[in-house]
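Right after this note come the structures.
In the two complexes below, subunit A is the common chain; its partner is subunit B in one and subunit C in the other.
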Partner chain A sequence: MMMIRQAAKKALGLTSRQSTPCSVGIFRSYHENVIDHYDNPRNVGSFDKNDPTVGTGLVGAPACGDVMKLQIKVDEKTGQIVDARFKTFGCGSAIASSSVATEWVKGKAMEEVLTIKNTEIAKHLSLPPVKLHCSMLAEDAIKAAVKDYKEKRVKTNGA
Partner chain B sequence: MGLIGDRRIRPKERETTTVFATEPPWLLQLQGFSGNYRGLSSSLKPFSILQEDEFHKLANVTMNHLLEKIEDYGDNVQIDGFDIDYGNEVLTLKLGSLGTYVLNKQTPNRQIWMSSPVSGPSRFDWDREANAWIYRRTEAKLHKLLEEELESLCGEPIQLS
Partner chain C sequence: MASKAIFSTLRRSLTKPHGGAVSRRHHLSTTSAATASEPYPGDEHAIVMKGVRISGRPLYLDMQSTTPLDPRVFDAMNASSIYDYGNPHSRTHLYGWEAENAVEVARIQVAKLIGASPKEIVFLSGATEANNTVVKGVMHFYKDKKRHVITTQTEHKCVLDSCRHLQQEGFEVTYLPVKTDGLVDLEMLREAIRLDTGLVSVMAVNNEIGVVQPMEEIGRICKEHKIPFHTDAAQAIGKIPVDVEKWNVSFMSMSGHKIYGPKGVGAMYVRRRPRVRLEPLMNGGGQERGLRSGTLATQQVVGFGVACELAMKEMEYDEKWIKRLQERLLNGVREKLDGVVVNGSLESRYAGNLNLSFAYVEGESLLMGLKEVAVSSGSACTSASLEPSYVLRALGVDEDMAHTSIRFGIGRFTTEEEIDKAVELTVKQVEKLREMSPLYEMVKEGIDIKNIQWSQH
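Up next is the complex of A and B:
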């Protein structure tokens, strides 16, 4: 009797959906912003690192699973970042974090991009706790790129 | 994630690292590092201080100690959704709506990494002189930071040192 009732329920689509992972809440997925940046990464590529208008930040370590290279192209007269490129080896969150970073630095002054915080990147991508380190790496990459550019300027001006 | 193991990487002078975000692992070409190599720890080179077995010993003691103390703490405080789990060398502490802590060993860097709902991500190196795990950027000590944060989140003090 019970089996017939169950079969009838199934036929009518009335059974509970407990077998589907999505409905139980254990299912965890990347936020759509992360997927977007992974599928359509912005500004992937390289500049010539010997170009005096380019600052290169290289952070991370392959053994840890994440390496980010972020490059900025700076307008020498205004000190504004006119373009940015990145290449990242790592998880989807790391790729998305560095992709976001290149978007956010474009068109801003160097001093302004130094204020970009990993918390803002993490919030934008809804990163889970274990992936907050990726956003920190992206913040570090921005700072490293700016630092590299400034050091290069000092060298060329001093020479 | 890529499958590059650190054994296959040999740093060369003045060459750029070329890595691709979307290439499959077997096509990744790593051509060494530029002079700009930076480890995650801002002032320390990864392998200069602790030997791996020493790191494991210290870190395991720390993680197990934290697990024990925080488990006891959880029995005393009334936090909805309190849960602590230690698996695969990752310590996950859920505090319900107050947030989630994740602590893990980062062996290549000889560090303990923490993700905090209060202070975000931080990375602790073992300081022999201080006999403590310290986050170089802020000079914060792991145990002290956790004590402060847990007390402010849960309302009850905790002794971790």
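Up next is the complex of A and C:
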């Protein structure tokens, strides 16, 4: 008896299921993480470029609509990244991707942050396919910052 | 026993109220957000949609995409929907005659607005259909002798797409470039004209940047060379004075929902003297002089007619009001921010369309922050591809500036409070994003951005 009722309900599509909040969006549904990073961006700002403990990565191009500047402050003795700052010219997803990048690099060793993949950032923010390049740019920015720091060290040590 | 269970479930499902989607249609006021202060948690008027939380209905400043229905138009349509339900093409009974009468009254109202005769107006579903009909219809009719079309790079997508379709059929199309202020260069137009040019199509008021083309001069050139002149006047009628004789147009496309009328209706002006022919897009019973078969949606047409009549009466007043609000908006923003550029000519412009670029700030991120203001942007991220708006690129705007534009649309029902609030929100967001922008930082340090070698990927 109950089973028949259940079957009837299912047939009519009335079984309770986890309903997603109102997002009937075909596209352009910002994930709440993206909006959170946009409204409350973490680590916005700059370090002194000439500080030898700072590595600066500047990637992107205004023509593409995305420019990211990511700076890392490295502890010289341990090689750990102690602080990070970012500034971004780009859409909400780009801002969120770089904000996430600064959060994730803090407290990690330089070799470790080089393994951060854009797919992880994209997954964390639920980026739609059209926005994947924002996360790629964030990954590039991390790599560029690390590269810049290493080059600086070579210069100060070598010179 | 089993069937009883199934039927009772069915009955319960049909009588249970639908508890799903949010529907806040009762909130018709667009000024509610203007008076709302900072959103606080637990705000019962807050709307959450698509992951965004807004504290009330946004201010509507997107008049170029569509306009709200004027209540007087709604009254006329309402009455017409209920009473004029006959088919206007039924010749044999009172219901048809009454409906036909209503349509003819609307026809006269539309014709008066543009200085034409009612016999030259054809109703259809909108400016897109009118543009398609004219561009394809004229060229198909004269396809033996005329193989060339001239249009501009800043036309509406439907005109450009129709021209592309013609190109695939073997016609040739010249897309005229525009000057940096958005206006057509008349010399280039003259040079582009050939012996086999069958149509010149230039829109009167651009939907993205709001510039008004030199219609009389273009009309004169077309008359000299005896080429039919088509104009997409969807954004122009009811807003700037339109006269088909002065402009010497042979075809004009008009849209209902841009002048506080209903959506789904528009009109096409087809000149009778000198006669220009075109092949219809919709074949059938030969309604609308054979140019557009199909039963007319009487109440839509009635609404369009009333909207045109109101626009004619209130054009002068609207113009003064909108101009005042535009100055308030522009000055309000310019007082607090530098690096604000107006896209398109400021002199030859329809005041209700203000397209601004904010340097060093990207358009989509600005829109995301302006969720309490309904505006539109010409930035790449808001279109499906990564290309910035083709209209801005045609203006020769630098690529980085093309990503930063916002279009504010002001209309008959916009209030001063809405403008002030929009200024406040825009300034706040732009300042916040400039704080976050590496380009702004570089400019403040004195670095010239144009000289940097960017690493693209």
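Note that the second predicted complex is superposed on the first by the 132 of 159 C-alpha atoms of A that agree within 3 Å, B and C clash if a C-alpha of one lies under 4 Å from a C-alpha of the other, contacts with A are read in each partner's own complex, and residues count from 1 in each chain.
The definition used in the following text is that a contact is a pair of C-beta atoms (placed from the backbone, for glycine too) under 8 Å apart; a residue touches a chain by one contact, two chains touch by 3 or more.
Source: prediction; values computed, not measured.
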If we overlay the two complexes on their shared chain A, which of subunit B and subunit C does A:148 touch? Say first, second, both or neither. first
Name the chain, either subunit B or subunit C, that contacts more residues of subunit A. C
Classify the contacts of A:30 with the two partner chains as first (subunit B alone), second (subunit C alone), both, or neither. second
On the A-aligned overlay, A:44 touches which partner chain: subunit B = first, subunit C = second, or both, or neither? both
Partner chain in contact with A:95 - subunit B first, subunit C second, else both or neither: both
Check the residue A:65 against both partner chains and state whether it touches subunit B (first), subunit C (second), both, or neither. both
Is A:74 contacted by the first partner subunit B, the second partner subunit C, both or neither? neither
Identify the partner contact of A:118: answer first if only subunit B is touched, second if only subunit C is, both if each is, neither if none is. first
Please work out whether A:135 is in contact with subunit B alone, subunit C alone, both, or neither, and reply first, second, both or neither. first
Across the two complexes, what residues of subunit A are contacted by subunit B and by subunit C? 38, 41, 44, 46, 58-65, 67, 69, 87-91, 95, 130, 133, 136-137, 140, 144
Which residues, counting only subunit A, touch subunit B once they are in their complex? 38, 41, 44, 46, 49, 56-65, 67, 69, 86-91, 95, 99, 118-119, 122, 129-130, 132-133, 135-137, 140, 144, 148
Contacting residues of subunit A [partner subunit C, same complex]: 1, 4-5, 8-9, 12, 14, 19, 21-25, 28-32, 34-35, 38, 41, 44, 46, 58-69, 87-95, 130, 133, 136-137, 140, 144
Contact residues on subunit C for subunit A in the complex? 1-2, 5-6, 8-10, 13, 20-22, 48-52, 360-362, 364-365, 368-369, 379-381, 384, 386, 388, 399-400, 403, 435-439, 441, 449, 454-457
Interfacial residue positions of subunit B with respect to subunit A in the complex: 1-2, 4-6, 9, 16-22, 28, 30, 33-34, 36-40, 46, 90, 99-102, 104, 106, 108-109, 113, 115, 117, 120-121, 123
